[in-house]
Each structure stands twice: as C-alpha cells, then as structure tokens.
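Okay, so subunit A shows up in both of these, paired with subunit B first and subunit C after.
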Partner chain A sequence: MSDIQSRIGTPWKKPPFVQRAWLRWALLLGFVCYLIAAYLTIDVNWTRVYVGLERGKQFILAFTSPDFTSRSGDIWEGMLESIIMTIASSVVGIAISIPIALGAARNIAPLPVYLLCRSIIAISRALQEIIVAILLVAIFGFGPLAGFLTLSFATIGFLSKLLAEDIESMDRAQAEAIKASGSRWLQWINYGVQPQVMPRLIGLSIYRVDINFRESAILGLVGAGGIGATLNTAFDRYEYDTAAAILLIIILIVMSLEYISGIIRERVQ
Partner chain B sequence: MPVKDFKGQQVWQRRTSRESLAHWIMWLIGVAVFAYCWQQISVSTTWFFVWDAPRIANDIWTRATPPRWAYISQLGKPIWDTLNIATLGTIFALILAVPVAFLAARNTTPSRYFVRPVALLIIVATRSINSLIWALLLIAIIGPGVFAGVIAIAIRSIGFCAKLLYEAIEEIDETQVEAITATGASRWHVMAYGIVPQILPAFAGIAVFRWDINIRESTVLGLVGAGGIGLQLSSSLNVLAWPQVSLILLVILTAVVISEWVSAKVRGAII
Partner chain C sequence: MLRLEKLVKTYKTGDQALKAVDLNVPEGQVMALIGPSGAGNSTLIRCINRLVEPTSGKVYLSNVELTGLSTGALRRERRRMGMIFQEYALIERLTVMENVLSGRLGYVGFWRSFLRKFPQSDIDEAFRLLDRVGLAHMADKRADELSGGQRQRVGICRALIQDPALLLVDEPTASLDPKTSRQIMRLICELCKERGLAAIINIHDVALAQMFVQRVIGLRFGAVEFDGLPEGLTPDVLTTIYGEEDWEATIEKVDDESAVA
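On to the complex of A and B.
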C-alpha cells in the first residue's frame, strides 16, 4: 500500500470550503447544537398536522377548479383597489425618491444634505411595510389611503438607495463637459446626470411596481385596502376555491409584469 | 440631430417634434391614469380622519413613550422563536431550492421543453405570494404555531433562492465542465466537480442574503398567528398597550439592524 502511494503520490482530495480545520469543525458543531436546541423548543403538534393534511389536499385540489364566479364582485373590487394603490404609490414614491437620491449621492450633494437623505433612506428601509401599515391605519383610519402612503414610503427607501448608488458610480467626464458649457445646476442635472442613470431608473421603477403590487396584496390583512382583506375572508371561511382563484390572479399579474419589465429593460439598455 | 430654424438661427433641440409629441401624449395618459387612481383612493377615504391625523399621531406618541422596559423579560422566547423560524425556514428552502435551480437552469435541465417550464412555474408561484399569505394558508391547514411559520418562510424563499441560483448556474464557465467531462466522469461527477465548486460562493451569498430577509419577514408572521415576536405585537396592539408596542418595535428594529450587519459581514468575507 505504502509502496504504491510513494510511487503515484497521495490521491487528490477536494479542498474543503472553509480552509482552517478547527473553524470548520467548530462551525459544524455549533450548527448541530443550534439545530438540536431549535428542534427541542419548537413543539409541533403532529396529530394536528396529520389532521390538517386532508385540508391541505383539498386546497391543492381547489387549484384545479378555482372559483372565479361566486365572489367575482369582491375579487374584482379588491383587485382594482390593489392595482390603484400600486400605480398611485409607485408614481408618488418614484417622484419623491428622485430628489432624495440626488441628495444621497455624495458626488452631487453637500455633506449635510447627504446625511439627511441617507438617514431618510435608512429609516424607510428598516421599517417593514406591514408595521408601517399598522401605524398608518391607526392614524389615518381604514382604507386604501393608508396602504398608498405605506407603499410610497417603502418605495422611497428602495429606489433612492439604488439610484443614489448608480449616480455615485456615473462617468464624471460627461457631467463635467455639460458644466463647462456654462449650464445652470438644473441643466447640469438634466443633460449631464439624467441621461446616464435613466436606463437604471426605468429598470428599478418597473421592478418596484412589481414589488408594490405583491405587497399591496397583503396590506389588506391589517385594513389598509386591497385584495388582502378578501383573501383573508376566503381563508377564514374555508372557501379554498375562491382563495385559489385570487392566488392564481396574483401569480398571473406578477408573471405578466415580470414579462413586460423584461421586454422594457431590454429595449432601454 | 434635430435642429430648429428659429428666426434664421439654427437652434439645437433634444428631440424631433414628432418625438416630443409622442412624449407629450405619453405623459398625458400617465397623468390621466394617476388622476383616476387618486380620485378612487380619495373617494374611499374618510377625510375627516385624515384632517384629524396629526392629533391622533400626537396622541399615540404620548401614549407609546416611554416604552415599558420591564416587558422585555417576556420577549426572550418570542425572539428565539423568530430566529428559529428564519433560520430553519432558510435551511428547508435551500434544500428544496437546489434541485429546482438545477432543473430550471438551461445548461443542466434534463428536458428544456417539459421540466424547465415546470421548475420556472414553481419559482414564479412561490416568489409572487407573500410569506404572510403562505402563513395564513398554512395556519388553516396545520394549525397556528412556529411550525406553520417555518414552512411559510421556507415556501416563500424557494422561488427567490432558486431564481438567483439558476442564474448563477447559467453563468458558469463551460470549459471547466468540459474538462471534467473529458476525463470520463459521469453526470453526477460532472455536477460535483465541475459545476458545484463554481456556484458555491454564490450559494453561500444567497443563503445569508435570504436569511437576512427572512429575519425581517418572520418578525411580522405572528400577526396572523404563525409564532415569533409578531404574536406579542399583535396581542399588545389588540389591547392598545402602546408602551409595549413601542418596545416591541424597538426590539424588531434592533434585530433587523443586527441581522443586516451580520449578513453584510459574512457576504464580505465570502466574496
């Protein structure tokens, strides 16, 4: 054995992902300990799960015969409200996030403005949509206005951050050329900066419309308008065929939005 | 280049008159759609409450401050549950996402016209439905509790992880795969030695990134009864215990910030 090994050398072994041996074993051991601890603290009621499987089967079967008709009025109203909230909040959110993005780009804005805009972005990103929605429903009352404000607020954090990063990595030479021709500040932004970031802005905006629609589907759970309320009622009444119909519509709209955004992004770039 | 004759002088313009007309019509349609949407929102809003909003907001603020710090002793278990929901959910999702990603990638799928569309459908369907809706559904099926939260997070994450992973698989360097194939390796050997090492860094990055998002999502799953700190939030909201609500929101905010920091650190170390 050792004779052969000395002739052909030791066989090749795949290098491990984590190089240091002690770190590898420590990570593995810690992970196993965590899994055991987590498993012990989650009490799963297996008999309840087993009973529920029958209902799960019914729900999956409901997808083969979704019921679009018997609650068509509620579904239509909820969907329309979701779409309205999506469009309005995307427009307002994008309109507000462009100046904030300009302020949050270090190569355009002075330091105080930069810090202010960055903190707005940080606050908007740290708070989840649903929590913001709960607070806004408490303040503004039930209805789509709370949902609209929530989605606009969430759009600001998302879009401003990514747009500001794009502005920061733009080509300085073009912007300088416009400045050298004696342009005012607004002209400088319009002709020097805007054409460079426009493809990214369009791509991000469409992506955000997609996200806003998906989020608008759950805001109804806390009373902020949209299809969520109808969906919640359908689940509560065990009307799985109606719930399946709503979920199918949501999936279909998201799919078509993704398809359209793919085409538009290809055309702009 | 569009040039306009302006009293005998040639003036540069950004667009031709036809282009600017098209732009103008597009803007008109856009503004009309927005106006319609705004009108619809305005119709279903009780404006009296909106004018009253500053007073209400001020009222809630005075009720919510200072937070009830003593309540934190009851938040240990919910936070642990939230962490478990996010972590176990991510692990289950990754286990399920890897085969889906391999079936969906153009260069590894067994059949491009039959299996790939099914895999893509799984990805779109799980991605487009929010984890709160999955949680609602699972609570109706398997009853409320942490387990429903874990499964909800897992299902929701499959699409996200599988989408990013299959894009990574499609971008691999084919020459390495060819080299392994040339040694006479079987299909599984090619996968293990030609493809997996190339996507492993991307895989680790995706796992940590999704874990960070899942921490955020699992903090609110309790609102529909799927365990975690959201359960405490929901019950505090129901009894209008605003000092407890503000404390819970602070705890959630801290958890989100910490998880984002951890995820950024780990991703920085991998890449």
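On to the complex of A and C.
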C-alpha cells in the first residue's frame, strides 16, 4: 500500500533489453567500430564507376527510345519460344505435381510413399533453376528443350510442396464423410479432397505460370533458349535499345498475367 | 441386427476409449448413446464402420463380421451403414445434389462418379429424398450457402440414399438451435420408422434424447453404465453416468414436449 504511494507521480520507462549498463554500451561501441571498419574495406575503383555511370545512363536512356523494330524477328522468335516453354513446362509440371502432392500429404499417404514424394520435392527445391539448366544444357545441348525440362522440374518442387501442405490442412470431417459412404480411394480423392483444395491448386498454378515465364527469361542466359537468349545477345552487342524493348515486353506480359490471375482467383472462391 | 462383442479400443496414447463393450441393437430400433465427453461415444460409433480401427472384439452387422474384413469387403459393408455427422461434414464447395449423390459412391464406378453421370434411379431417389426433407428447390445450390438446419437435412439425405440398414449418427444437433435440433431429431426418427432402420444416435442433450428414442445407452469411461428405456433416466442414473449435479431441470416431462410439438 505504501509502495503504491511512492510510485504515484514518478515516470515509467521500459526496462532496457540488456540489463547491464557497461555491456549495453560496449555492444553499441562495438557495432559502430564494425561499421567504420567495414566501410574502410569497401574497395571502389572510382574511375571505373565514372565510365560505368556513362553506360548505366545509356542503358536507362534506352528505355525512352526502345527499339522494337530493327531486331523484331529475333524478339518475336525468342518471345514465342519463351511462351511455348512456359505453357508446356507449366502443364507438364502441374500434371506431375498433383500425384506427388497427394503422396506427400501425410494424412492420406502411407509413410513409405510420403517419404519418397517428400524426397523428390526436397531434391527439386534444393537445386536452383540455373544449376539445373546448366546441367540440362550440357546433356541436351543449347535450346528450349533444356529450358522446358528445367522449368517442369522446378514446378514440381514448388507446386507439390504447397499443394501437399494444403491437403494436410484440409477438413478431416468432410473427407471422413465420403469414406463412410463406402467410396473407392479415387472417388474419395475426387469428392472428399479435391473440392477442398481446388481454389489453392488453381491459384498456385497461375502463380507458377507467372514464375515460369519470368524464369524463362533468365534461363536464356545459360543457353536454355527463350527470350533470355535474345536479351543476352542484345547486351553482348551493347544494343541497349533492343534490350530495353525486350524488358518492356516482359514487364507487360508479367503485368497482364498478374491481372488475369487476380480475376481468376476471385472467380474460383 | 447389429451386435458388438467385447469391443475394445485403446489409442496409441494408451487411453482406453472402449472397455469390452457388448451391445445388441435389434432391427428398427432407434437408440441414443449418452455419456460425458471423452467417454467413448464417438469412438464407439466410428469403430462400427471402422473409421476408427477397433483394437479387439467383434462387430456383426446382420451376421457379417466387420472387424476382419478386407478393404474391398469393408467398402461394400459400409454402404449398409449411413452416417450423419456433427457439424454436417458436407463437402462445402460441391452442390447439394452432388453431396446427396456422394452417398451412392459405393455403388457406382469411378468414371461415372468422376463425370457426375449417376444412374437415373439414383438421381430420382435423390430428388425424392430432398423433397421429403423440403429442400428439392435447393438441389443446385452450393452446400456452403445453406443454413445449419438445411445442411443437416442434406446430410440426412446423403446417409439415406445409401439405402442403409443402420444409421450411425454422431451428435446431429450440436451447433443447432433448440428448435432446429428438435426438428432434425424428429426427422431422423420419422425416417427411421418409415424405412424400418435401426439407428445409434450419439447425443449430449439428454432431454432431447428422451423425447425421441426407444432406448438409451449410457457410457462412462468406455463402459456401458446404463441400458434401458428413456424413462429410466432418473437423477441417480445420470449421476452415475456424468457425476454429481442437479439433474431435475435436465429431465423433461415427456408429455409437455409432445404437446408443444
């Protein structure tokens, strides 16, 4: 009671995170020293930056006058190749992902199947697209076939994992009700599981189409075909206006995919 | 018609949900299963159609022993046991009609069900059942557009279209208001009488159970504590099932209720 009297009228401060004052100050001082030391190790070649700034300026200025015409044949060809790669790899990747996702959901798959499917997913996720693409280019040679296989492989890791997680968090009672009617396994999946995860599957698939298109622009850099190859050539020739045109087209396509996916996801709720 | 012999269920955690339950349900009898939460009511119902695998003991459904059946044979026997669920367990994103027809999955092949091409007789029966529960005009609505009472009616249709000999009913009135609860219980009991079905209804509302059923089983710690007529549920009996409490307000006068209904 007397304690509360002494508290009234005195200000309150949040207790410090580090209790000991000397340690608190030592940590702060150490952090400042580190910042200074780290800054001193940055080795900048200012003359190189001066030359580079000029190139950077040219690159950015190129966006004000993108050149769609002089290499239009190459751009069109590369873009078509990218789009075909995107669609084909998405369709194949998603088709393979669905059975793997079913196997990777602990609540519907027995343990050995679960472990097998989870390891496939882990391998697909562990290997970065570029590394897979370099390997597949080495095997299949330059061109869109390597890119298509890379993207299909990457789609499996992405879609199976996220779909399996959605299956694992589904409502058990609904699935149980279908099982109680004496349905076969496939009927059970079709009636008890599929309707519950359909919105997620559609949303993820559209998102993956979007990712596959963007990745197809990168994979060209390691020789796996598509618009990336055209883009790489344009950079190598210092044709920044053509590169700018390609980048603008990519941005446009990604934006329209974004818009379409928004509409579709709204519809399937 | 249904006979349980020394049915035991021990969960992996070591909890003994059922301790050697013996039970005999004759043809056409509607029976309520009461008992405190965790007494094994849900487990008992699920052990009958093996949604939960019993640890030991035997289940006979008109002389077919269920616990030893292979998956295929179990599937065929499950068709004869309609199940109605707590919180309805309808497939929310499918239409009312698809939900009702899903009760026929045990009878049709995969492709027919996948393409939703059910035999005309099934479709006719589905409409007859929906009409019987007053929902024929809702056939093409999605299940999640329905109210709680309507959903449970669809759940009842789904169980009945299986053409079962036995209904397993797990807390059909949980999360329904008192009026709808009575309507649903009345509907289940009427339909059982019309079709001569036996039913095991797991229910927490003792007064509601007394109003509608012919026999009550009281479970406590996984063992049958009471087996008799609904009138036999005296405060003393309820105390042995649930523990000490003032029971006078719980036990309704059956005459008053039928007058209200």
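Observations
Going forward, the second predicted complex is superposed on the first by the 227 of 269 C-alpha atoms of A that agree within 3 Å, B and C clash if a C-alpha of one lies under 4 Å from a C-alpha of the other, contacts with A are read in each partner's own complex, and residues count from 1 in each chain.
Going forward, a contact is a pair of C-beta atoms (placed from the backbone, for glycine too) under 8 Å apart; a residue touches a chain by one contact, two chains touch by 3 or more.
Note that this is a predicted model, so its numbers are computed, not measured.
Of the two partner chains placed by the overlay, only subunit C lies in contact with A:187; subunit B stays clear of it. Of the two partner chains, neither subunit B nor subunit C is touched by A:116. Contacts of A:176 after superposition on the shared chain: subunit C is touched, whereas subunit B is not.
Comparing subunit C and subunit B on the residues of subunit A they touch gives the larger count to B.
Shared-chain residue A:196: touches subunit C; no touch with subunit B.
When both complexes are overlaid on chain A, the residue A:144 reaches subunit B alone and has no touch with subunit C. For subunit B in complex with subunit A, the touching residues are 30, 33-34, 37-38, 40-42, 44-46, 49-50, 53, 56-57, 60, 77, 80-81, 84, 87-88, 124-125, 127-130, 132-133, 136-137, 140-143, 145-147, 150, 193, 197, 200, 204, 216-217, 219-220, 223-224, 233, 237, 249, 252-253, 256-257.
Listed in rising order, the residues of subunit A touching subunit C in the complex are 171, 173-174, 176-184, 186-188, 190-192, 195-196, 198-199. In the complex of the two chains, the subunit C residues touching subunit A come out as 49, 51, 75-79, 81, 83, 85-87, 89-94, 98, 102-106, 110, 113-114, 155, 158, 162, 168. Residues of subunit A touching subunit B in their complex: 14, 17, 34, 38, 41-45, 48-49, 52-53, 55-56, 59, 80-81, 84-85, 87-88, 91, 126-128, 130-131, 134-135, 138-141, 143-145, 148, 214-215, 217-218, 221-222, 225, 228, 231-232, 235, 238, 243, 247, 250-251, 254-255, 258.
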